[in-house]
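Here come two complexes built around chain A, the first alongside chain B, the second alongside chain C.
So, the complex of A and B:
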């Protein structure tokens, strides 16, 4: 039995929590979308308009700007920091609150945390579909791309939840989670399109699931991936999810035995 | 006979922690040669608790009370020994087990800080699959009993400590657990709030027949609520029984200050009271009034005689007929005093192990 009720309630509760401070929520949203886009735009402007380049790795100024603006939508949906929250709970004993409830703590923390991202994904989807329609792109591609980005969100958390179990052993896993996030920023295509990687380095991002977070969805939304490539990406994302689901079960099974439930 | 809901057999639990020495040297040592120290939090604890019991679990800081509650609620496993709650091993944490238990930690917030209590309760309702009508009825009952109806829409972070604690309690009881572990629920509460909370727990225990284990440093909590008390000391259960056994009905503590120091044997001979019922002190804190020194400032020897109230006059007469005293007083043998003496290391006599 799926026990959907608590999951829906946790989503609702997570959204209420995330939007408890409306101005903070809006500023965070605008800041996290606007600032990286502005930096990228300045970079491309400097290379093309000041530096006089006409093409970078086969992409024009317009291509790169299109990538920048479209990728902003999916960057907003990329995994949040609830893996850090999970690690902190293990470290401080806050996990006990969740262990006592008849729900999976890993899933519960995710659902509460992802509520905000789902809300943002909804906004991005509407904006993106309108923009796609306006510039002649297929709005349905945007919908598919958003689904892929959401699968990427799940993968991001699952990997983080697995890494967080190191806190059972070492009491701290902050540094590793930070390194993971830095790698993700580069290999997800959030900062630069991954086809800017040299041809002999393309395998680097292809062997990780991170390109499914931003690069893949952006390519499909911009019509640069065909349906087969998109279908493959969805299958690969599902495979990663299955892999990490098993990984989480194993690492948590062993980790929880070392949980100290500090405090109280 | 009531059924046994909690059974603990020879449960032990040890923890290891890394020790850091003082200063920079300690920091370097921690990096290259960390010292690990092992600590036995529980040393072979065994007991049984029947359904519907209200048990007080007391002990000084670090006695192992919270560790025991964490094991019983399934948060941590025992290092050895076996614990069963409601016929299940707590650390298996089956869904049915988690549906039937609750743990409230007075020092730990379980509700979400930025949300009003009502939103948290709505989520708990879905988690425990409580039907709407039942949920409404429970919320009304609990909010009424704890007098927090008007605060349900207020953010948790904006509530006072006492109000927050009451909300925590509602959150912990909303699913009507069969077994409740309360870890210092009245900590930091004012007299009125603590009284309300106690009253509520008493009614809940009587009406719902829930089994409750309560830890508290407030002996009022224990005296007013618990029909059975378990005392822990450095990981061991040193007393398990009726709290009246500890205070011993009709017993009092006769305090006498003498001019000169006397040995226990001399005091026993003077009073006719057995030596193991007498304590002698010459400290600067010998009396509750703080009048502990003579005119020259020297501490005066004081003796305490644990006797029946009816014997007080006879003992006093016997002593006064043989020696001079400075003053005397009779102290009630309150549970708090007894516990304090146990914490301070008083050898049994008063303390019995079931």
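So, the complex of A and C:
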């Protein structure tokens, strides 16, 4: 019971923290959704309307627009910056406070950080459901896609938490997190649909779990993935989660031995 | 006039020296940021690489022309990042924590000190990367080269000046809002519009990024000016828009100073 209590408290605390400045929260949400969508749309506009092309990688202008609008919903749910917070705790010595408490610092930082994303996921789901009814998409597909996107959120944090342990050894480890986020931007399908990659380069995104964050959910929500493909994606996501859970245990066990608790 | 300019140059070089000494202490940071910048450039190139794998031209721009544009954009952005960006992130502290007090007492314009105090010398490598990329793709992009390379510093200056006045227009509201994070973030979201050539955009978006949010002046217009040249109307637009932003920024800076309540702001 106590174990559940602190998790709920951390969630509440995280949500209150994220939404303390409501106008700021709203502006951030609108900006992070609207501008990337606008840029994607402009690219398709340039290719189809200005360039006069009728098809790109088997997709029409309408297909690409549908991808853009749907992917915006899932790109709001993907990742967060709480892996940076974890790294900063290690670097600055703030981790010491958490080592004395009966909670896992990795889990605590995640639960606190994911509260905002869960709230946003709820909003996106409602918007998506309304849109689904309007354009004739299957709302259950949207629900499944959101579950996949949330699994992607866990994977993203787990990878970040593993990378964060580099801070036990190296002051500038935040750079690796920055690089990870840049790579995720392009390989998650947030900037462009991943099927635009040339055939001989498709392996690049298939070998990482990043496509499960935005591209996979979008494809399923739009009905471009069947149930078997979706089931496979869920299984792959679970496998990555198990892999990273073990990875976190190993890297933290190794890293904590080197923790100096400077500052804090 | 000359003496005033000399004084400002001297102050600028002292700030540069101080920042260099501070950054020289953290040498590993230099290599780390270099690595991050290379990845950023690689991601931008990959994005256009994937798009051009599916289409021969993008709104009339060939792949080498877009890469030439990226080179100019990276160089221009590197100058802003090196000399000014950090000051804008610290701008809210100046107002909220009352750190502006000390700048107001100096015998030099406080805005000059506020915008040149902190530098990020490691970002200067991107300037070299950007110029190298521009040189590499200049010929296939149709840039005639030769003496026209002498125009490059001028266009880079236009890019930096644009970034300063627009970023300032997003930051100045700190005197009224007390929290500037959302507006700063919004600036960087709109800044994404600068990472693509303006020719890609439909009429109304193009109008916006050439007037109210002139992000096209950072890389796109300079690249277009170097490759194709600009019409007189476009030159006049640049002068008019940048002057407008300059007047707007100064007006609100003065208004903001009147609201400033020192350390208790």
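Here is the rule we use: the second predicted complex is superposed on the first by the 261 of 264 C-alpha atoms of A that agree within 3 Å, B and C clash if a C-alpha of one lies under 4 Å from a C-alpha of the other, contacts with A are read in each partner's own complex, and residues count from 1 in each chain.
Just so it is clear, a residue touches a chain if its C-beta (ideal position, glycine included) is under 8 Å from a C-beta of that chain, and two chains touch if they have at least 3 such contacts.
Just so it is clear, the structure is predicted and the values come from calculations on it, not from any experiment.
Trainee: So if we stack both complexes on chain A, do chain B and chain C clash, or do they fit?
Mentor: Chain B and chain C fit side by side in the superposed model.
Trainee: Under the stated touch criterion, which partner chain does A:37 make contact with: chain B (first), chain C (second), both, or neither?
Mentor: Neither: A:37 stays clear of chain B and chain C.
Trainee: More residues of chain A are touched by which chain, chain B or chain C?
Mentor: Residues of chain A touched, chain B against chain C: more for C.
Trainee: Counting only touches as set out at the top, which of chain B and chain C does A:21 meet: first, second, both, neither?
Mentor: A:21 sits against chain B and chain C alike.
Trainee: Applying the document's definition of touch, where does A:172 land relative to chain B and chain C: first, second, both, or neither?
Mentor: second
Trainee: For the superposed three-chain arrangement, provide the angle chain B-chain A-chain C between C-alpha centres, rounded in steps of 10 degrees.
Mentor: 80
Trainee: Based on the superposed arrangement, let me know which partner A:147 touches: chain B (first), chain C (second), both, or neither?
Mentor: Neither: A:147 stays clear of chain B and chain C.
Trainee: Does chain B (first) or chain C (second) touch A:182, or do both, or does neither?
Mentor: The second partner, chain C, only.
Trainee: Counting only touches as set out at the top, which of chain B and chain C does A:85 meet: first, second, both, neither?
Mentor: neither
Trainee: Is A:56 touching anything from chain B or chain C once the two structures are fitted on A? First, second, both or neither.
Mentor: second
Trainee: For the combined overlay, can you note the least CA distance between chain B and chain C, rounded to whole Å?
Mentor: Between chain B and chain C, the minimum C-alpha distance equals 5 Å.
Trainee: Give me the intersection of chain A's contacts with chain B and its contacts with chain C, in residue numbers.
Mentor: 21.
Trainee: Mind pulling up the chain B residues that touch chain A in the complex?
Mentor: Against chain A, the touching part of chain B is residues 15, 66, 70, 73-77, 93, 95, 98-99, 101-103, 105, 107-108, 110, 112, 114-115, 119-120, 122-129, 155, 183.
Trainee: Which chain A residues qualify as touching chain C in the complex?
Mentor: Interface residues on the chain A side: 21, 23-24, 27-28, 31-32, 34-36, 38-39, 42-43, 45-47, 49-51, 53, 56-57, 171-172, 175, 178-179, 182-183, 185-186, 191-192, 196-198, 201.
Trainee: If we count contacts the way the header does, which residues on chain C are in touch with chain A in the complex?
Mentor: Residue positions touching the partner: 28-29, 32-33, 35-36, 39-40, 43, 46-47, 50-51, 53-55, 57-60, 179, 181-183, 185-186, 189-190, 192-193, 196, 199-202, 205.
Trainee: Which residues, counting only chain A, touch chain B once they are in their complex?
Mentor: 3, 5-6, 8-10, 12-13, 16-17, 20-21, 93-94, 96-97, 99-103, 257, 259-261, 263-264
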